[in-house]
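Remarks on the structure that follows.
Chains: A, B, C, D, E and F, in written order; residue numbering restarts at 1 for each.
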C-alpha cells in the first residue's frame, strides 16, 4: 500500500495548517511555502499518474479498516488524471496569485491549500459520504477564496453562491441518506455490488436517491437550470480564484462519471440510465445559454464565465452517452476546457490590470502596454475556447461529434454544437477586435501615464503555461487519447474496481488479526 | 515526410519575421521569401513523381480515436494548387516588401502571411478530411488577422469579423459534411473516400453531405448569397487582397468542389445547386462590379464573378468543364493577382483608388499602366490573353447546357455575365489609365520601384504566355490537375487560341460588343442602377449580427439576472422535478411495523411543527423568529435523546447555542425586521414549492422508515469492532475518530476554513464603505449597563466549571457520550459567556490563546496523528490504544484516537472563538467614538489587523478602593 | 412515531424551502438552518427510530441502534455549523457593504447597475 | 505563595467536588484528578476572576445554604398557592428596593441569586453604584417587612461570610 | 407506583410544555417569548431525567448536564441583545 | 422496573418526589401562562420549575440508588448548575423587560444618588471590573 496516495490530501492540509500556525504574519514565507508545496504536489500527482498507468485500481484503507467498513481512497487512472489536472492548474494559479493578488485579503495561501486538499480528496475518495465531506471542504475553501479581497459585488454574489451550494449540499445529504437506508453502505465499490441486490420494492427508493445525487452534481456542473449561480460567481471572483474555479464545475462532471457511470451505471445496476433522458435537453440548453451569454458578456471575465457554462454543456452532453468511448472524448474535452477557461480568466485579469479604469470591460479604450502579447494570448485562448482548429478545443469537439453519433438524436446535437461554435466565434471575434484592434484607434493614452509600475513576469508566465496547454493538448492528442481511452475503459470495468477494493484486502485484514 | 514539411514550413517559418524584423525590413522579407521559396522547392522536388501519375503520400498519427490523422497526399490537383499558392506567394512577399510603409509592423504581416500560406498549402495537401478542415479554418483565422491588419481601421475590423464569421460558419458546416462523408465512405482519408463514389451517392446522407460541403465551399469562395464578405475583406492591405482574395484562399472552395468532384458531382442535385449558384454569382457579381468606384471593390466583385464562373463549370459535371475550371483557376489567379497589385500601386502612388478621381495614369506610370491594361484585357476575355481561352471553354460548355427546361437560359445568362465582365474590365482600363492626365490627384503618381512592379510583370508575362502558348506552357499542368479532379477520365479539350468560328467565339464577340456599349452608356446606366433597389449586404449582415447579439443579450440578461430568489427557485424546482418523476410510483409505504405514538412525542411533534410554521409566518420579526427557531432546535435535540442518539443531542444543543449567539451578533447590524415585499402570487408560488418539497421529503422518509431492507448495514461491523478494534464503547465516537476519522478530519478542516474565511471577510470590514456605515449605524435605544453585575460574577464562577465539564466530556467521549467536538463546543460556549458578560476587549485581553494558532494546531495535530501511523507502516489514521496502570488513578486507557480528538477539540475551540471574537470586533469598531478611550481603539490598523490585540488593557485599572457612602 | 418524524421533517423542509425563497438575507439564513435541521433528522432517521438502545457498547444492552447515521449526522451538523457561520457573516458584510440586506444587494425597485 | 497557587481556595474545593460528582462518586483516582484540576483550572482562568473575595467564615456558608434550601422549599409551596388559587388582581405585586450594606460583588450576586431562587421574589437590577438591589415581589402585603427579612436572613450572613 | 409517578411526570412536563408553547405564541413581547423558551429548556431537563428513570439508564446524563449548564446562554444572549443590541461588546 | 429490590419506602420516596416535582413543573409553567404581567410571570418558571426539576433530579438519584444500588450523584451536579444559572436568566430577563417596557419611571427610586443600572448611564462603564465595583464614581 503506497502512502503516497493520501499525500495529495495530507500535504496541503499540513501546509495550510503550517501557514496558519507559523507563517501567518509573513506573506513572503506563505508564498514560498505555498508555491513549493504546490509544485511538490504536482510532482506527487505526476508520480501517482505514472503509478496508475498499470491499470490496477489501488485502494488505500484509511485507518487500516477493511473496506467497506472504513473509508477507502482509490487511486485509479481517472482519479490520477483529475489529480494531475488540478495540480497543473494549481501551479499556474499560485504563481499568478503570488505576484500580488494574495495581498488583497487575508489567508489566501491557506485557503488555497485547503481548496487543493478538498479537490484532491474529492477525486481520490471511494466513499460517497466522504465525497460529501470533501465537497464541503472544497466548497468552503472556494467561498473563502471567492470572497478574497471582498468588495460589495463579491460579498453580495458570495451570499448567493453560498446559498445555492448549501441547498445543494443539503440535497446531497438527503440523497446519501436515502442510498444508505436502502443499501446499508457508503463505500462506492460496495454500493456497486449492493445496488444489484436491492429488491424490487426498494428499487424506487434507490433510484430516487441516485437521481437526487445527480442533481447535486448537476448544480456543481452548472447544468441548466442549475447554472444560474455561475455567471455572477465566476464573473466577479478575483482572477486566480476564477481560474482555479475552472476545475470546480469539472468536479461535478467527475462525480457524475464516478458515481453515475461507474457505481450505479452499467448493465448490472438498477439505477442505470436514470439521468440520460434529462441530461440531453438540459445539456443542450446549457450549451445554448452559455453561448448566448458569450454574446451578451460585457467583460472578458464574464466571457470566460460563460465559456465555462458552454463547455459544461458540451461536456455533459457527452456524459449522456454511455460507454467508455464517449467518456474518453469527454475526458479530453474536460482537460481542454478546464485549462482553456483558466487561461481566459487570467488573461481577463492581465487586461484589467493594464486597461485602467475600464478594466476588462468590453469597451474601446486606449492602447495599453503589452497589447500585442496579450492579443496573442487572447487569440490562442479564444481559438481554444471556441473550438477552432488546430487547438485542443477543435480536436475535442471533433471527437465529441464522433462519439455523439451513438446518440439517437445526433443530428440535432451536432447542429447545436456547431451552431453554438459559430456564435462563440462571433462573440470572441467581437470581443477581440474591440479589445485589441479598436482600442488602438481610440488614440494614445490622453491621461498622464501613471508611473511605470514594475510588471512582474510571474503572472505572464503562469498565463503562458495555461495558454500553451491547449497547444500541447492538441500536439500530443494521440498519446493523451490513448491514455484517456484506457482511463474510460477502466472506469467502466466495474468488476475490477470492486475486486480491487473489496476483494483481497478483506482477506488481508482477517489474516493480520 | 516532405509533404508534411511543405505544409509545415510556412508555419515554422512564421516565427522568423517577428524575430527578424529587428534586423531590418529587407532581412525580414528575405526570410519570408526564403521560407516560401524553400517550400516551393520541396514541392517541385515532387513534381516528377506527380507528373508520372504517382500519388505521393505521408501520414502521421494524431487523434485516430476521432479519425484524425496528419496524412497528406499529393496528386495533380493538389500539386497544381500548391504550386499556385507558393509561386504567387513568392511574388506577393516581394511586392509587400515595398508596399508596406514604415509604420506598418512588417514582422506581424509576414508572420500572418506565412500562417495563411501554410494553411492554404495544408488544405490542398490534406489526405485526411479532418486535417483538411483544420487547415480550412486556419485560413479563415489567418485571413481574419490579415484583414484586420490595420487595426485602427473600422472597415478592417468589420471586414475581418464578417469574413471570419461567414467562412467560419462554412467551415463548421464543412466539418459536419466531411464527418458524414467519412462515415458513409468508411474512411477519413480522401484517397480512400474518392474511390467510394457509389457508396456516397447511393447513401441517404448524400444530400445532407452535399449541402454541408457546399455550404463550406460556397462561403469560402464567396458564392451567392454568401458573396458579401469578400468585398469588405478588401480593407486588408493590397498584397493580402491579391493573395488571399483573388489567387488563393477564395479558391479553396473551388478546390474543395474539385477535390470531391468524383464522389459528389454528376447528380441532379449537384448540377442544380453548384452550376446554378455559380451562374447566378457570376452574373450578379459582374453586374455589381461595373459600378464599383473603388478599384479594389471592383476587382473584388469581379473576383466573385469569376469564382462563380469556375463554380458553374464544376457544377456542369463534365470532364471538359472540369478542365476549363482548372484552367480558369490558373488564369484568373494570374491576371487577378496582377490587377490587385496594380490597384495597390495606384493606391500607393496616387493615394486614392477611387476610379472617379483617377484617369490618365498610363502617361504618368507607363509600366504599371501597361501591365494593368494587359491583365484587364485578359480579365475581359480578349485574345490572345489567357482569360480569353478559359472564357471560350466556359461559353462552349454553357452553350450546350440545359437548365430550367430549356437550353437557352443558361447560355444567355452566361453571355450576359461575360458582357458585364467586359464592361468592368474596360472600365478599369479607361477610367483609371486612359484619358487625359488630371491635375487633381491626391498625390501625383509615378511608377513604383521595380520591386513592386516586377511581380506584376511576371504575372502578366504568364498571362500573355499562357494565352499564346497555352498547351505547351500550361497544358500539362492543367491537364494533370483536371485528370485528378475527374479521377482519371481524360477531359476532351485542347487549350488553344483558335478553334475556328465556334458558337462560343460568336458569343464572346457579342459579349465584347455589348460590354463596350454598356461602358459607353455608363452614366445613364449608373443612374438606372441607383434607381433600383440594391440590397446592402454589409448592412444586412451587421444588422443580423447586431440583432443576434442584442437578442442574446436580452435573453441572457433576462435569464442571468443574478437574482438569488430565481436561482433558488429554479434549483428547487429542478430538484423536485427530478425527485418526483423518479420517485413517483416507485416509492411507497412498506410493511415494517412502527413504534407506537407516545403522547409526549405527539406534543413535541406539534410543538416543532407549530414553531416551524410560526417562523415561516412571522419571519419578518427577526428576533422573534430566532427565539422560536431555538424551540425547534431544542425539540430536535430532544428527538435525538429520545431515539438513542445522545452524542447527537449534545452536539445539536451546543451548536444551537453558538449559532444563536452568532445570529444575534449579526442581527445587531442588520435591520430588525424584514419588509413585507413579496407579492401574494410570489408567496403562493413559494408556498407551493415548499409544500411539494415538504411532502416529497415526508414521503421519502416515510417510505424509508416503513421499509424492511434485506441488506445488512455495514455498521454491524462497527458495533462488533468498536471495543476490540477501536478501543472504545461509544460506537459513534469510535466511528468519528477511528472508523471514519478521515471524515472528521475533513469536517474540522471545514470548520477551520470557515473560520479563516470569516476572519478574512470581516477583516475587510475596516476599510471602505462598511466602516462609514458602521459608524453611522443608528442603534435602537440601549440599556445603560454593558456588563450586568450578576452576569459578570456568575460567569467568573462558571468558566472554570465549564472547562472542567469540557475536560470531562472530552475524556469520556471514547466510551460514553461526548468527545472532542462537544468538549470544544462546551469550552467555546463558556468563553463566549465570558465575552458576553465582560465584553470583547476585556475578555480578549485575558485570553492568552491565539485562536488562529489554536485552529492551525488542531488541524496539525489531527493530521499529524494520522501521519504518525506511517511510522508503523500502517495507513493514514490507523489508531492504536493500550491500557496503562497509573498509581492512584488505576487503569487508564490511552488511544491515539484521543490525540486525534484533541486536534478536533482544539480546532473547534479556535473556530468558535475566532468567529465570535471577530464578529465582536466589528461591533467594537462600530461603537460611537465618544467618551473615554476604550480597548477597542487600540485595535491594530487594518493593514496588520489581526484578532490579536497588540496592546492589551490600555485602561489602567486602579487598585480596588473601598468607599463608604 | 415514524409518521410523526417523517411529517415533522417534511414541515421543517417546507419551512426551510419557503424561507430560502425570501428576499432578505436573514430569513434565508434561517431557512438554511431549517433545512439543516430537516436533513439532520432525516439522515439520522435512515438508521431507524429506536428507543432506549444507544450505540454504547454494554454487555447488558439488549441491542443497539445503527450508529453510522449518527456519526454521519454529527459530521453534517458540524459542517452545517461552519457553513451557517460563514453565511451569516456574509449576510452581515454584504449588508454593510451594499447598504441593503436584500439578497441581491440592492433594494427592489432601486436602479442597480449590473 | 499559597495565595498564588490557590487564588480561590473555595473554587478549588468546588471544582474538586464537581469532578468527583462528575466521576459519579469519590475514589482515589477521581479525588486526585479533581484536585489537580481544581488547582490548575483556577490558575488558568485567574485573569477572568481578578478579584479575590476573602471568605472569612466558612462555617456560615453551610448555615447559609441550609437556610436558603429551607426557604426555597417553604416558599415554593406559598408561591404555588398564590399561582394556583389567587386571582391575579388580588396579588400585591410590587418592586422592592433593598439597600445593600455589602460591597463585595460576589456577595451582592449571591444575595441576588438567593432572592431569585427563593420563591416570591426576583432580583431585577442593581443601582448604578451597586448599593441597592431592585427586587420584584409577587405578593408583598408589607414591603418593609419583606426587605427586612431579606436583609436579616440573607444579607447578614453574607456580610459575615464576605465581610 | 414509580411507573405511575413517571407517567404523571411525563404528563406534567407535557402540560408545562404546552403552557410554555402557548406563552410563546401569545407573547406579547419578545421578552415573554424568551422567558417561555427559558422555561422550555428547564422543562427539557426534567423530561430527559424522566426518560432516564423510565428507561432506567444514565445515558442521558450528559444531555441534561449540558442543558442545565449551557441552556441559560441562549436566554442571556437574547436578553443582552434586547438590552444592548450588541451581544458581545 | 424491578420493584423487588426496591424497598417500599424508597419507592414511596421516589414517587413522592416525582409527584412533587411534577406538581411544581406544572405550577411554574401555569404561572407563566396565567399571570397577567411579565414581572409576575417571571416568578413562576424561575422558581417552581427549578424546584420541580430539582425534585425530579433527587427522585432520579434515589431511584438509581434503590434500583441499582449505586449512588448517582450526577443529578446533584445538574441541580447545582440549574441553581447557578437560573437566577442569571431571571435577572437578565427582568432587565430586558425593564428596558423594553421603559419602566424607568415605574420602578421605585434607588434611594441612592444614582439610578438603576439598566437606566443610569453611570453604569455604562466599558470596563467590567470597574463597573462591578460598588460606589464607583459616576
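In this section, a residue touches a chain if its C-beta (ideal position, glycine included) is under 8 Å from a C-beta of that chain, and two chains touch if they have at least 3 such contacts.
In this text the structure is predicted, and so the values were computed from the model without any measurement.
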{"item": "Those chains which touch subunit F and also touch subunit D", "value": "B"}
{"item": "Rounded Å distance between subunit B and subunit D, as computed from the means of their C-alpha atoms", "value": "73"}
{"item": "CA centroid of subunit A to CA centroid of subunit F, Å", "value": "56"}
{"item": "Geometric centre distance via CA averages, subunit C-subunit A, whole Å", "value": "27"}
{"item": "Gap in Å, rounded to a whole number, between the CA centres of subunit C and subunit B", "value": "38"}
{"item": "Multi-chain contact sites of subunit A, meaning residues that touch two or more partners", "value": "129, 133, 136, 140, 143, 147, 150, 152, 155, 159-160, 163, 167, 174, 177-178, 180-181, 186"}
{"item": "Contacts with two or more other chains, residues of subunit B listed in rising order", "value": "557, 562, 564, 568, 572, 626, 642, 646, 667, 697, 700, 704, 713-715, 718, 739-740, 743, 747, 750, 753-754, 757, 761, 764, 769, 783-786, 788-794, 797-798, 801, 805, 816-817, 838-839, 919, 960, 962, 965"}
{"item": "For subunit C, residues that touch 2 or more chains besides their own", "value": "20, 25, 28, 38, 40, 42, 46, 51-52, 54, 56, 68, 72, 75, 79, 82-83, 86, 90-91, 93, 97, 103-104, 114"}
{"item": "Chain-level touch network, classified as line, ring, star, complete or other", "value": "other"}
{"item": "Every chain pair meeting the contact rule", "value": "A-B, A-C, B-C, B-D, B-E, B-F, C-E, D-F, E-F"}
{"item": "In the complex with subunit C, residue positions of subunit B that touch it", "value": "557, 562-565, 568-569, 572, 594-598, 601-602, 605, 608-609, 612-613, 615-616, 619, 622, 625-626, 629, 632-633, 636, 639-640, 642-648, 651-652, 655, 658-659, 662-663, 666-667, 669-671, 674-675, 677-678, 686-687, 689-691, 693-702, 704-706, 713-715, 718-719, 722-723, 729-732, 735-736, 739-740, 743-744, 747-748, 750-751, 753-755, 757-758, 761-762, 764-765, 768-770, 773-774, 815-817, 821, 911, 915, 919, 922"}
{"item": "Sites on subunit D touched by subunit F in the complex", "value": "18, 20-22, 24-25, 50-51, 72-73, 75-76, 79-80, 83-84, 88, 91, 93, 95-97, 99-100, 103, 105, 108, 112-113, 116-132, 134, 136, 138"}
{"item": "Residue ranges of subunit F touching subunit E (in the complex, touch as defined)", "value": "1, 3, 6, 11-12, 14-15, 18-19, 21-23, 25-26, 28-30, 32-33, 38, 41-42, 44-46, 49-50, 52-53, 56-57, 59-60, 63-64, 67-68, 72, 74-75, 77-79, 81-82, 85-86, 88-89, 92-93, 95-97, 99-101, 118, 126"}
{"item": "Residues of subunit C touching subunit B in the complex", "value": "1-15, 17-30, 33-34, 37-38, 40-42, 44-58, 64-68, 70-75, 77-79, 81-86, 88-93, 95-97, 99, 101, 103-104, 108, 114"}
{"item": "Sites on subunit B touched by subunit F in the complex", "value": "783-794, 797-798, 801, 837-839, 841-842, 932, 934-935, 955, 957, 960-965"}
